[in-house]
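You will see two complexes here that share chain A, one where it goes with chain B and one where it goes with chain C.
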Partner chain A sequence: MNTLTIRCISEALSPITHMQGVSGNEAMIAREPVTTAHGTQWIPFLSGNAIRHRAIREPGVLWLIQAYGLKGIISLAELNFLMHGGNLTESNRAEDTGRIAEMYRTWPLLRLLGGCLPNQILAGSLDVWRGVLVCAENTSVLCNDFGLRDVGLRPSEQWIDGYQYTRSDAKGRALHQTADAGLFPDKKSNTNLMIFNGQCVTRGAVFAHGFTCKAVSDLEIGALLWSLRLWQAGGGTIGGQASRGHGRLKMTLIMDEVLDQDGLCRSYVSHAMSLKDEAVAWLHGAFA
Partner chain B sequence: MEIPQLLDSLTTEEFRQKLAGLSRETRGHTDHDVEDMAIRFASILPLVFGHDLDRLTLWNRIGSALTTSAAKTVDGDIGFFVQSVLTHIQAETGQAVSMPDMMDILGKTAAWSLEDRQAWIRHFQTHLIPTLIFARAQWNEHKEHTK
Partner chain C sequence: MNGGVKVTATLGSPVLGELPFLDALIEYEMAMHHGMADKFERAIAIPAYGNIPSPILRRMIGGQLIPCCSSPIACHADNTVEYISKRLDVGMADCLDDKKRIKVNMTGGAYKSYHLPFPIQSITHIVWFAVGDRRGIKKSLHRMTSIGKKRSVGYGRVIDWTIEAVEQDWSWFATTQSGIVLMRPLPDCNDLPQDMLGARKDYGAVQPPMWHPSRYMDRVVPC
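This part shows the complex of A and B:
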């Protein structure tokens, strides 16, 4: 058991639209206040919550569902536990340590991420860092966490742009396909074209982020790396508008020591497959 | 199932080198210089505004000329940018080439660094309306002096 810190950078291969809210028809990018020598600035970031889900839990769990043949078999409660961490819906006064130990043994990915059974909270061992935009305003944290020297980075505003799309109305071009054509004799005057737009972080911007794995075995590290590889192989998207090509990130590990990625991943995959029946039995037992 | 590729990795030193590409532009001129030059350029465009165009659309058309030309220009190509603007407002070639101010602006901006030229062109997209407000004031001042 050891504690491992993994630092990474993720470069935007397409506009990143990790949003915080909307103003009219315009989607506003997620920003956090950062205190700088020039006052408080609002800087785009990627939430640890989004990275945790999109880059680790979702790809890792979907792979297990496929590998264990659970599709169409597991209940919604079980799926919510695997995919979203689950909910505490019953009294949690009795702690079943045997059940926790068995989950840790059979589901290394869940030991890493933690979760919540109906009557028991299960702590995880992974801290996911927020994604920090590599820009002048974040120099301090980049120097501290990533060993960067102050190289005079560009200000964040140079990495922010906008996008605009239109949602058409079928009345404009395909009304004749419907049974309602007679209702709209003047089709052009009735079209209802909607423009929607928003802010985005531009291609080429880089986010620095990381993972702290606390008191973990090689199996949990393997589960983490395997999930990240699956995420990257699946497009590596984060945030919204992926259906329109947004949100693609290319992740690179920052490591000075050699990390046996392949060996760790193989051990995890081998372990997960060898305990398939026990893992599935544990899941069904926990939600029986 | 296809085995996903290994994640790429960099050392800390390689990471630092990669960040050199994200470092601040080497600007020789301040934002104030860029703004002044932008206003000056926009303020002389009424002099060469096409005779066939409706004079009542003067500032709207200059605005659209600057915006669309800035959007089309790559690599800080000042010559292309100016050509595109003048074409958009249907400037008469003979009139444009005989303007000392045009020569001065082209000469000075052509000597700027790539980053400064890009900043100048980008300024018309990001600060168009304030630029036109000051340009119009300068143009009106010019008209008063030449009455």
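This part shows the complex of A and C:
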């Protein structure tokens, strides 16, 4: 058991649209206030919640569902526990330590992420950092935490751009029947294309983020690294509009200590597959 | 050896919720070390204060044992609101057992979606003044990588802890030209200085765990 810090540098391979709301009809990118020598600036960031779900829980759990053949046989409560961490829905003053120990043994990924059984909250051991945009305003955090030298970074506004798409309402446009080729839009009717747009962080921007794994075993580190690899192999997207190609990140890990990443991943996969029946039995038993 | 210390936390991300008390942070860390953490519940009365060993000195005032540590001091905070959301991923419906594919209420119950606002404070440094064992404080803080709420998703990440020796004891009161300024919540009692500034009466805790109703009493707090 040890505490491990993993730092990451992720480069945007496509526009990042990790949004926080709309202003008028424009989608606004998520920003956080950063105190600088020139006052408070609002700088784009990636939330730890989004990274935790998209980069670790979702790919890690989807792999387990597939590897354990759980597709089509689990209940909603089990799916909610695996994909979203579950909910406390019952009251119980007793702590079932045997059930917790068995979960830690059979599901290292859930030991890492934590979760909530119907009557028991289980703390995780992973802290996911927020993604800090590598820009002039964040220089002090980047220098202190990532060992970056102050090399004159570009201001954040140079990394922010916009996107614009159109969509049409098929019902809003008159159609006419042709004799030979079916229905076609009436060319005389007005187009009903509707513009939708928003802000984005441009391709080439870099985010610095990381993970703190507190008192973890090699299996949990393996689960983390394996999930990150699955996420990257699946496109490594974050934020919205992934279906339009947005949000792709190419991540590079920076380790404080030398780790045999391939070996850790292999150990985790081997462990997970060897305990398949016990893990499935535990899941069904916990939500019986 | 006990002496005045100034503890500074350099932060790498905003803090969610109220800024924590250093004595509470250290006592939680020490309770973890001694297997006493997470034993307290709101509904159960807790033992008298002082059982958990702490490198921060404690003194009596108004009949209560109080840690010699100031409230958190932040130089400048940009307060704002961030949202944490959850929505059941219905795209995974094909994973469900055929017989368990039910209509789910998303506006209430166990699977209710949420978009919760959380107040956050974007600050770069928090400072506490304390009296205690400098090495013991440093050792306790060494393992603390984040503070505040929702630490698992990156809030309140501590980049560095700085512990400096200071000559003055500013843990409870700071002496200024205008008078004595209150530095932390203390029991509302006759032992308080008569010319105390920057204080108002309140009802709440003066010892950790600050959230537990068993600790509530009449108190004075800095303002």
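Here is the rule we use: the second predicted complex is superposed on the first by the 265 of 288 C-alpha atoms of A that agree within 3 Å, B and C clash if a C-alpha of one lies under 4 Å from a C-alpha of the other, contacts with A are read in each partner's own complex, and residues count from 1 in each chain.
Convention: a residue touches a chain if its C-beta (ideal position, glycine included) is under 8 Å from a C-beta of that chain, and two chains touch if they have at least 3 such contacts.
All values reported here derive from a predicted model rather than from experimental measurement.
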| request: Identify whether chain B and chain C fit side by side or clash on chain A in the overlaid structures. | output: fit
| field | Vertex chain A, arms to chain B and chain C (CA centres, degrees, nearest 10) | value | 100
| query | If you stack the two complexes on chain A, which partner ends up touching A:Ala233: first (chain B), second (chain C), both, or neither? | reply | first
| So, A:Leu153: does it touch chain B (first), chain C (second), both, or neither? | first
| field | chain A residues touched - chain C or chain B, whichever exceeds | value | C
| request: May I ask you to decide whether A:Leu253 touches chain B, chain C, both, or neither, giving the answer as first, second, both or neither? | output: first
| said: After the superposition on A, what does A:Glu26 contact: first (chain B), second (chain C), both or neither? | reply: neither
| So, A:Asp161: does it touch chain B (first), chain C (second), both, or neither? | neither
| message | Minimum CA distance, chain B versus chain C, superposed model, integer angstrom? | response | 17
| said: Based on the A-chain superposition described above, do chain B and chain C contact any of the same residues on chain A, and if so which? | reply: none
| message | Could you list, by residue number, the parts of chain A that touch chain B in their complex? | response | 9, 66-67, 134-136, 146-149, 151-155, 206, 225-226, 228-230, 232-233, 250-256, 259, 261-262
| field | chain A partner contacts - residues on chain C that touch it in the complex | value | 10, 12-14, 76, 78, 80, 82-86, 88-89, 92, 94-98, 100, 102, 104, 110-111, 120, 122-124, 143, 145-146, 151-155, 157, 159-160
| field | Residues of chain A defined as touching chain C within the complex | value | 3, 5, 20, 32-35, 40, 47-49, 51-52, 65, 70-77, 79-80, 83-84, 87, 89, 114, 124, 126-130, 132, 140-141, 144-145, 209, 212, 214
| What does chain B use to touch chain A in their complex? | 1-2, 4-12, 15-16, 18-20, 22-25
